[in-house]
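First up is the structure itself, then whatever we jot down about it.
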């Protein structure tokens, strides 16, 4: 085979892979958006909406872990921040907060924690309550759900990556940080309602339309958001910046010697990933109607990583599907009578199996499959081409 | 027919196969005639399953007993058990499954306030009833929850005066886990302590689930207090009592008076660490009545463990099913609205004595008791109210029997 | 003053107790064993079961738990870890799965509960281990109250640290382990049976977890989840100390324990925990390779 | 002739041990300079100092008159210094083409790179480099799967794509077969003139193939400098090399 032929073949392989890739994305988005046409059970729509949110977390993990090589064991921090920011706004819209009149909302737990005789107004019912004042505007809470994770992630990642901390050390720092913030949120009970979290929330309201979580419209909000995030993430990793990011993952020193400020790329993508997690937190609160410090449990953050590993850490859509799949399996197993007490064994077993036998997760299997089909096609194609060339020569 | 729970699991394998086929199929199949479906929602896995599993067992036992005795209005109760997995997220999801998909009107469940708060929106916005069996901090007035555990005034209103007057202890060191229940208990305690001429010299908290008590016990030792009021929850309790003894403190000089330490924690720490300390609860395993002894025996047989202990939340999990049954029978309907109306003022002879559901706030009249722990891991009841007392979920804010904040019509916020 | 130091010291010793095993499996072998806490838990249950069914006290439970957790560690290494050397994050994920499975197995009494068999001491309830009475009676020495159980933990921890140091730095086996730490390929080329040595090292680290479990059982509840909370603290200690440095681990445990103790006494336990986390983050940012480290690979 | 690289009194002190000690030299634009020296003479350290991997304790490095002493690596690189390591350093999980695309780093900022395609001139340059390095047949291959020689050529190709003005090559033929070495010399000779090149090398056959001027380092200091024939006869050089077996 001559040089020219191999070169065309590799081009063909890439073209085919790209086509297969886009086909999978299109199919996934079509299924997600089309689901309400098939499923008319509002409970299942709501449940799947929650899992789609977890799918978004999978995307965030794949972006930082798969593409940037940064394992963030504290992704729950950004999810939690997003959730709390959203919940603060929605809390101020709930009936119990508005009982003193619509211009003077105060969360019920603040009344409850208040010192006797305190002014029952957000400004000064307790020391930190003024922080809630801007959250009376719903758009503010929604914006902060993304902005605050972005800012926190930017500050955090700037210090980590400028100091060239890498690998497991990043994982440990993020882990310690999520523990720290969780502790502080539980302790700051007068303004966060502590361990119980923020519950009894109003519904997301956009131009007068209230998004009841058990409504197909709410499902569409989540599914649409996921589709947008997925495509945005796909675009990001396809850009030159995405390619350069992957190069910094492989060999940061080489990337530096090519003139790239490696830390800047790491900070950028780490921050984006945190923003996505924050957005996921926002949507989760819309679908589940509460925010809780348990969002910042270590177990939850590690679970996210496992979802991404099951789906394929190097693939945004793989990690996304992995998250949705694992949660569906968990729910189904735990609701099946014979597995009622044994479902955790199954989940644990799946994790072990995936790490041992599917190091690239579902996406890896899909890729192998596509490659195999492709090789067959190319082989056939080459044969015809060679045959044609032979004929011409003859 | 009397089935124990293990058998129940085996029998339901057949249902399990059907359930695996598809969710909707299962719901349809189970909704056969002559059955009432109710939900049970406790953690069967995760950290809280230690206690919540026993609550699920007690609920199941009551259901089995009722079914064996002919059911409710001739219909069999069919429980649908879900696992909250010790995680508020899962509780929320399972609650919406039970209420929205299975369309259940009644669910028995939750141990922690955090899990109750996470499921509450589902019950309130879909108008179903949640039966909550655990002592809790109060400050809740939901028409969708029936509360059968104690609220602060039912644990403290006899306890604090008794400590000050009978024990003669006046300087309180208040210690608790860092969340709402202990903080609220502390708030009510402080009011009562001051009313009765005592003083509190510290109010300290430790992370929930934390088990390192060295520094705290050392502080207690240095503080000059003469009694410790403990609102510590869960497995931290064990570490606390052990450290207390290891640092040379004894309950005869400096007693721990607890609001949460139950038979479970005592058994877990080893009774020698708690000998001489006190707890206030409406129910103790040691309650010396035939009804309670029979209850304990049935429970032990049911869970196939001759040493199983019973405790307050467990007993409430048990009797609240009966309260529900009576309410259904009275209302003649299983809808949440009918049961809510039916359960108001409902009376039942529970293992701890007579319990009555308050018609206004849907909390339960209970009899406060104080027990001193002995070397056998059982309490000796040394003080008890003559009659059940009225539940006042807003007692910390000045609620009195004559001036209720939470009424059938809802919460009167002007009074807060 | 001596009280404060003693509290710090006992906090440090407990941190070190858990971290010691990790400094072997993580520090020396590059395995993030999330199931380390569950090996601690298994050690604690060994003590509980030995007490109930064999009538053995704490002192006999220590070696028994070492063997039990060690054997379990050996099994985990043979079946799982062996295939994952060099894939550090994968070890974290796979052992996370192991942790979930072990917790649930204990809760389900290793499946026996499905057959209606109840083993006393297992199951989802809270368990406890009896501590011999003379270890719970404090002794007054010149105005200072000595707590025998805490002191006992400190002494055992020191002995185990000493033993580990001796094994690692004074025996041929230890030299082989250190050779593998630095370069497994060259170690293999030098005729070291890398597989065997790795398996034994992992088993030893796991055995230490078992011993830690017995000692922890003396003052906290024994339950299926008890390990989950200790393992994170253990990792923080090992990382702050410097991966692969026994001295660093000891020092980090000492520093973090004392900080925790002092802050807890001066303000409260919650602030103390927060400060410890903040210090950990600061230390890693300041010295990303840990307080003590050598360059490897 | 303009001076491309001016090194003036460059020193690094590792806690008392001076790996490079007052080293001074000037490399002109378009020159190919070979640095020789026995093991431990400080050659690789010198490259680390120039490229910013190690911070110097005294002295200056100027690149086309601009002071680049102790700047961060990526800044020095943006000024036009390219470096090839002894152990080939390419992005092992990316394909050969992707490696070259990443190397086209004229516009290194994050936000400027949030686009799907490279600039046309960059694309043209990548094609030129593919031609030069003869990597065409393996463009779609993952770099980690290349042969040792191909990997070295890819790294060289990346330096050309990068448009480095001054290229530091650390033993470019280490571990290569004879044929591969020959091909490498060809590539380097083609780069000559358009690039300023600094080579550390042991293989004397290879040095003869490419060298114009030679600088000899010994114990961190400059020992001798000049064309090949003069260096080979320099008594100081012979003496320094006696300890390590002479030039071979």
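Here the chain labels run A, B, C and D in written order, and each chain numbers its own residues starting at 1.
Keep this in mind: contacts are C-beta pairs under 8 Å (C-beta built on N, C-alpha and C of every residue); 3 or more make two chains touch, one makes a residue touch a chain.
Bear in mind the structure is a predicted one, so any value in this text is a computation, not a measurement.
The set of chains in contact with chain B as well as chain C comprises A. The central chain here, found by comparing per-chain C-alpha centres with the mean of all protein C-alpha atoms, is A.
The most distant chain from chain D, with centres taken as the mean of CA atoms, is B.
With each centre defined as the average position of its C-alpha atoms, the distance from chain A to chain B rounds to 37 Å.
Distance from the chain A centre to the chain D centre is 43 Å, each centre being the mean of its Cα atoms. Centroids built from CA atoms put chain C at 33 Å from chain A.
Chain centres here are Cα averages; for chain C and chain D they lie 49 Å apart.
Listed for chain C are residues 104, 107, 113, 228, 270, 273, each touching two or more other chains. Multi-chain contact residues, meaning those touching two or more other chains, occur in chain A at positions 183, 187, 341, 344. Shared interface positions of chain B, i.e. residues touching 2 or more other chains, are given as 9, 45, 178, 207.
Under the contact rule defined at the top, the touching pairs of chains are A-B, A-C, A-D, B-C. For chain D in complex with chain A, the touching residues are 51, 53, 72-74, 77-78, 82-83, 89-94, 98-99, 101-103, 105, 108-111, 113-118, 136-137, 139-141, 158, 162. Residues 9, 12-13, 15-17, 19-20, 23-24, 44-45, 81-83, 85, 87-89, 92-93, 96-97, 100-101, 113-114, 117-118, 120-122, 124-125, 139, 178-180, 183-184, 207-208, 397, 413, 416 of chain B are the ones touching chain A in the complex.
Residues 3, 7, 10-11, 14, 104, 107, 113-114, 116, 118, 120, 124-128, 130-131, 136-138, 145, 147-150, 218-223, 225-226, 228-229, 260-261, 264-265, 268-270, 272-273 of chain C are the ones that touch chain B when the two sit in their complex. Those residues of chain A that touch chain B in the complex are listed here as 41-44, 46-47, 50, 99-100, 108, 111-113, 183, 186-187, 189, 193-197, 199-201, 212, 214, 288-290, 292, 294-295, 297, 300, 331-332, 334-341, 343-344.
By the touch criterion given at the top, residues 6, 9, 45-47, 49-50, 53-54, 178, 204-207, 209-212, 214-216, 218-219, 235, 238-239, 242-243, 245-248, 264-265, 267-270, 304-305, 307 of chain B touch chain C in their complex.
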